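The first chain written gets the first letter, and so on, giving A, B, C and D; residue counts start at 1 in each chain.
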Amino acid sequence: MATVAFIGLGNMGGPMAANLVKAGMTVTVFDLVPQAVEALTSQGALSAKTACGAAAGADYVITMLPASKHVQGLYLGSGEQQGLLDVVSKDAVLIDCSTIDAGTAQLVGKAAEEKGIAFMDAPVSGGTAGATAGTLTFICGGSDAAYNKAQTVLTVMGANIFHAGAVGAGQIAKICNNMLLSVLMVGTSESLQLGIDNGLDPKVLSDIMKVSSGGNWTLEKYNPCPDVMESVPSSNSYQGGFMVDLMVKDLGLSQQAALASNSSTPMGALARSLYVNHARQGNGKLDFSSIFEQFANQKSK
Amino acid sequence: MATVAFIGLGNMGGPMAANLVKAGMTVTVFDLVPQAVEALTSQGALSAKTACGAAAGADYVITMLPASKHVQGLYLGSGEQQGLLDVVSKDAVLIDCSTIDAGTAQLVGKAAEEKGIAFMDAPVSGGTAGATAGTLTFICGGSDAAYNKAQTVLTVMGANIFHAGAVGAGQIAKICNNMLLSVLMVGTSESLQLGIDNGLDPKVLSDIMKVSSGGNWTLEKYNPCPDVMESVPSSNSYQGGFMVDLMVKDLGLSQQAALASNSSTPMGALARSLYVNHARQGNGKLDFSSIFEQFANQKSK
Amino acid sequence: MATVAFIGLGNMGGPMAANLVKAGMTVTVFDLVPQAVEALTSQGALSAKTACGAAAGADYVITMLPASKHVQGLYLGSGEQQGLLDVVSKDAVLIDCSTIDAGTAQLVGKAAEEKGIAFMDAPVSGGTAGATAGTLTFICGGSDAAYNKAQTVLTVMGANIFHAGAVGAGQIAKICNNMLLSVLMVGTSESLQLGIDNGLDPKVLSDIMKVSSGGNWTLEKYNPCPDVMESVPSSNSYQGGFMVDLMVKDLGLSQQAALASNSSTPMGALARSLYVNHARQGNGKLDFSSIFEQFANQKSK
Amino acid sequence: MATVAFIGLGNMGGPMAANLVKAGMTVTVFDLVPQAVEALTSQGALSAKTACGAAAGADYVITMLPASKHVQGLYLGSGEQQGLLDVVSKDAVLIDCSTIDAGTAQLVGKAAEEKGIAFMDAPVSGGTAGATAGTLTFICGGSDAAYNKAQTVLTVMGANIFHAGAVGAGQIAKICNNMLLSVLMVGTSESLQLGIDNGLDPKVLSDIMKVSSGGNWTLEKYNPCPDVMESVPSSNSYQGGFMVDLMVKDLGLSQQAALASNSSTPMGALARSLYVNHARQGNGKLDFSSIFEQFANQKSK
C-alpha cells in the first residue's frame, strides 16, 4: 500500500486524510493544531513533529492550506527553514489541494521541476460534506505522469477527477468555474425575483427555466429562493453550504487572474462587487445563495 | 376535428400552421403577404380575406405577430375596424404566440374576459427549426380551462408546454428565461476566454465546467467558443440560430418588465448593454453566441 | 402684467406659484387638495373650481404633476372630460414642468401643435429649496417662439433656463443629466471608499480629486462621505436633499428612453440596479448620496 | 543649488529632467537607452554609468520607471547587485514618480525607513505636454519632512503638488482619481449618446450638463463626442492624449488595490471591462475618450 503524508488537517483536510486512513494507506499527518492531529491519530494515522518530517520518504505528499503564502512557504522554505522540496523522495508525487492563485502554483511547480520532482495543483470542490463522503471533485494541473500516478490517492477522496492542463491549470479551471457559478447564482436570483415581482410563483418559474434555455446548476441543485427546493441553504435561512466570504475569496482569485492576463470579465467583476457589498452588510457567513436577498423586497417582509 | 384560424404566417407562424394542417385540422389562415398565404393553401389550408373573416366561427384562433402594437390592434380593433374579440365564437380559445410585453397581453386578456372569451398568451421558443419539427416550447398564461383546452392544438406544434400562471404570465416567464439565458451566455463566454487567456484548452475547460457547478444550458447545448462543439453556430461563423437583434428585443422586454415592477436586474441590464453595443458594431444578424467575440483578443487574430 | 394659470400645487408647484404671485402676476391656481389652494390664495392668488376653469383665458398655463398619466389626462382630457387643449386661448403658452417620459411630452406637444397652441416641456431641478428661492433650473423643449415668450414666467421662478431642443427635448436632457449624476455619485462613492479602505483621509482625497481629472459636481457640491463637507445630506444622516426613490424614478425614465431608442447605457443601468437594491433595503426616503453606505464596511461600524 | 539624480528618461522622464537642468540644478542622469541620455547631456546634464553611480551623493534622487518590478529592483537591488538604498546619502530625498501598485511603494518605503532614508512616492498626471511645460500634477505619499523638502524639485516640474498621506498614499490617490475619471468618461459618453439617439444636439446637451449636476471634468475639458469641443482628441480622430492602454493599466492597478483591501468598485470594474474590450478590438493606441465609439451607432456611419 502507498505511504502518504498529509499536511493541513482543517475542515477539509481532516476528513480527506481520514478517508485515506480508512482505505488502509499508511498516512503520516501534520498540522499546527494538536487537536487536529489527535483526531487523525485516533483513527489510525501516524504523526510527525514537522511537515518535512511527515513528508520525507512518503510516496504521496498532500497539502491542504489556507492561502498562497502558506503553500509557497511550506514547499520552498524560507531562510534557514527547509521546504518540502528539499526533503521529499525523488519518486514522490506532491499534490497541493489548496485553492490559491495560479501564479504561486506555477512558481512551486517550476521549483519542483528543476529538482525533478512531480508536483500537481489539485484544488477541490464539494465542501466538507464531499470531503467526508469521499465524493470531492479534483481539478488537476500537472503532467500526465503525475496525474495518472495521483489517481491512487485522489480516487479515495473524490468522485470526479479532471485533468485541466499543466501545473497551475487546476487553479485556473477552478476559479473560471466558480466565477461562472457566481454569475449563475446572481442571474438566477434576479430572474426569479423579476418573476415574483410580476406575479409568478417562483417554483413554477424555476420548473420552467430548469428545462429551458435558462437551465443551470443553481436551478437544478441549489435554488436560491426560499422554499422552492428542500434541503438547500435557501430553505434553511441560508445556513450551511458555501459561505459568501469564500465566494468573495474565489472571485478575488478570478479577478487576480483576469488582471494578470488582461482579460475582461464584466459579469464576474459585477458579481464580485455585489458579493463584497453583501459581505460588508454583515452576510459573510451566510451561504452564497443568500445573494437572492439583495433583490428581494425587504420592505415587504 | 377542431377548426383553427391562424393569423400571421412568418418564419415561425408558417411552419406552425403547416403542422396543424398535417394533423388533419381545418385551418383557415390569414397574412398580409399573399405568398405566405399561398404557401399554406398549397398544403391544404383554407384562406380568408381578413383576419376577422378567418377567426369567425373557429374553435381555436392562433396569432403569431411581430410586436405589441400588432397584437393590440388585431384583438381590440381600432376606430371603425373590428377586432378579433368582436367576431370570435364565445366558445373559442384565443392563443397569442407572439413575444410581446406582458402589459399588452394583460390588456387584451382583460378585454377578452369582459366578453367572456378565453384568451391565453403562449410565447414560444425553439426557433424555426422547432416550428418546423413541431417541437416548440410554449409558455402559457391563462386560466386552467383555457390551458387544458389549448392542449389540442399546442401538442401538435410543440414538445414542451408549460403553464406559468394567469394571462401575461407566459410572457413574463419567457422573458425571465431569456434574460437568464443571456446572462449564462455572457458569463460562459467570459469564463471560457479567461481560461483561454491563461493557457487552458476551451474544450477541456468546457468539459470540466459542464459537469461542475458552472454547468448550464449554453455549455450543454450551445457552446459559444468556436470549434468546441459541432453543429452549433459558433462553429459555423455564428450563422443561423437566434439572432443578436432578437436577443436585444427580448432583453428590452425584460427591462420593460423590470421598470414596471421596480425590480433590480444588474446582470440582465448589463447583458442588454453588451448586446446593444455588439449589435451597434454591426453584428445584429449573427447568432447571439457571437457575444463571445467581445471577449476574444481580436488583435491576436 | 401677465395672467398665469398654475395647476399642481405640491412641494414644488406651491412655492413656484407663490413666486409668480410675489412678482405681481395675476395667478389663478388649481389643485385637488383644498389646503394647497388655500395656501396660495392666502398669498394673493385667485382660484378656480377646475383646472380648465383656471386655464381658460390665461396668457401662461403652467402644470406641475406627479407622472405621465396625469399630464396626458389633464392636457388631452378623456371621454366626456375636456382637456386643457380644448379650453385655452390660442395665444397662450403652455408649460409642463413635470418630470415625465419624453414620449408623453411629444404626444401632448403634437396634439397642441395640431390645434395651433404653443406647448413646451420644461422639467426642473433644484429641489424645494430652489423652488422657494426662485433659483430653479428649467430645461425646456419647444419652439424658439414658445421658449422666448416663456422667459417672462420662467425667470421669475428660476435662475438657469436652458433650451434643449424641440418638444420632449427638455425631458430627455433632464434624464440624461440625472442619469449622469447618478453615475457620478456612485463612482465618487466607490472611489472614496477605495481610498478609505487603503488608509486615505476622505477629505484629503476629495480635495485632490476635486481639482484633478476626477473632478465632478458631487465632489464640488454634494460629497457623499459623511463629515467631508458641511451642510450636505451626508453630514446630516442623509436627511433632506433628493430622495433615493426620486432618483429611482428618474433612472427608470432614463432606461425607458434607452429602450425606446435602443441605446446602451451600462453605467446608468448599473446605477439603477444599485439604487433599486438600496431602496428595497429600506433606504428610499434617504438622500441619494446615501448610496455611499452600500460601499462602506458596515461590519466595522 | 541642489544636486539631483534622475533615473528613467522616457517620454515623461526626459522632459521632467530637462526642466530641472533649465532651472540651473546639477542633474546627473541615467537611462539604459544611450540616446535618451545624450538628449539630456546635450542640454547640460551630467551622466553616470550606472543608476547607483548617478544617485550616490545627490541631494534628490528622482526615478520614473515603467512598472513595479523595475522600481523594486532599482531601489532594493537583487542578489549581488546593489540598490539605490545601498548607495544614497543619508540626507537625500528619494522620489519615485512611477505609477505602480501601492504595495510595492510601501515595500520600498519600509526598506528606506529602516535605513533612515527619506522616500516618497509621487506619481504624476498631466501627460507629456505637462512634463514639457513643467505643469504636471504630483500626488505624494511620504512624511511631512520629505514632502516639504521635495518642493524644491517638484515645483520646478509641476504646477499642482498634493500630499495624500504616508508612503503609498500617492499611488492610491492617483488610482482612485483615475478610476473615477474612467467612470466619468464612460458615463458621459453613454449619456451624450442617449441624448443623440433621442434627437438632441450633443453640443447643447453638453452645455446644459456641464453647468448642472452632471457637470464633470470630461465635459469641462475633454468632451468625448467628436466636434463638440475644439482641440481635444475626440475632434482629432482620437489621436494623442491619454491612451486606452494606459487607462487599462491604471484600472488594473485600481482593481489590484480593491482586491487587496476587499473593496467593492462596481463602476470602476465595469469601466475596466469596457476598456479592455475596447483595447482588444484594436483601439489600445487611441485616446481613452474613444470609448464613446462603443456607444455610437456604427451601422449608421
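As a working rule, contacts are C-beta pairs under 8 Å (C-beta built on N, C-alpha and C of every residue); 3 or more make two chains touch, one makes a residue touch a chain.
Keep in mind that what you see is a predicted model, and the values were worked out from it rather than measured.
Placing every chain at the mean of its C-alpha atoms, the farthest one from subunit C is found to be A. Here subunit A and subunit C face each other with the same set of residues for the most part; over half of the interface numbers are shared between them.
Averaged C-alpha coordinates put the centre of subunit A at 51 Å from the centre of subunit C.
Note: centroid distance subunit A to subunit D, computed from Cα atoms, is 39 Å. Among the residues of subunit B, those touching two or more other chains are numbered 262-266, 270, 274, 277, 280, 294-295.
Those residues of subunit B that touch subunit A in the shared complex are 102, 125, 137, 139, 160, 162-166, 168-169, 172-173, 176-181, 183-184, 186-188, 190-195, 197-201, 204-205, 207-209, 211-217, 220-222, 254, 257-258, 260-268, 270-271, 274, 294-295.
Taken in their complex, subunit C has these residues touching subunit B: 248, 252, 255-256, 259, 262-266, 269-270, 272-274, 276-277, 279-280.
On the side of subunit C, the complex with subunit A involves touching residues 270, 277, 280-282, 284, 294-299.
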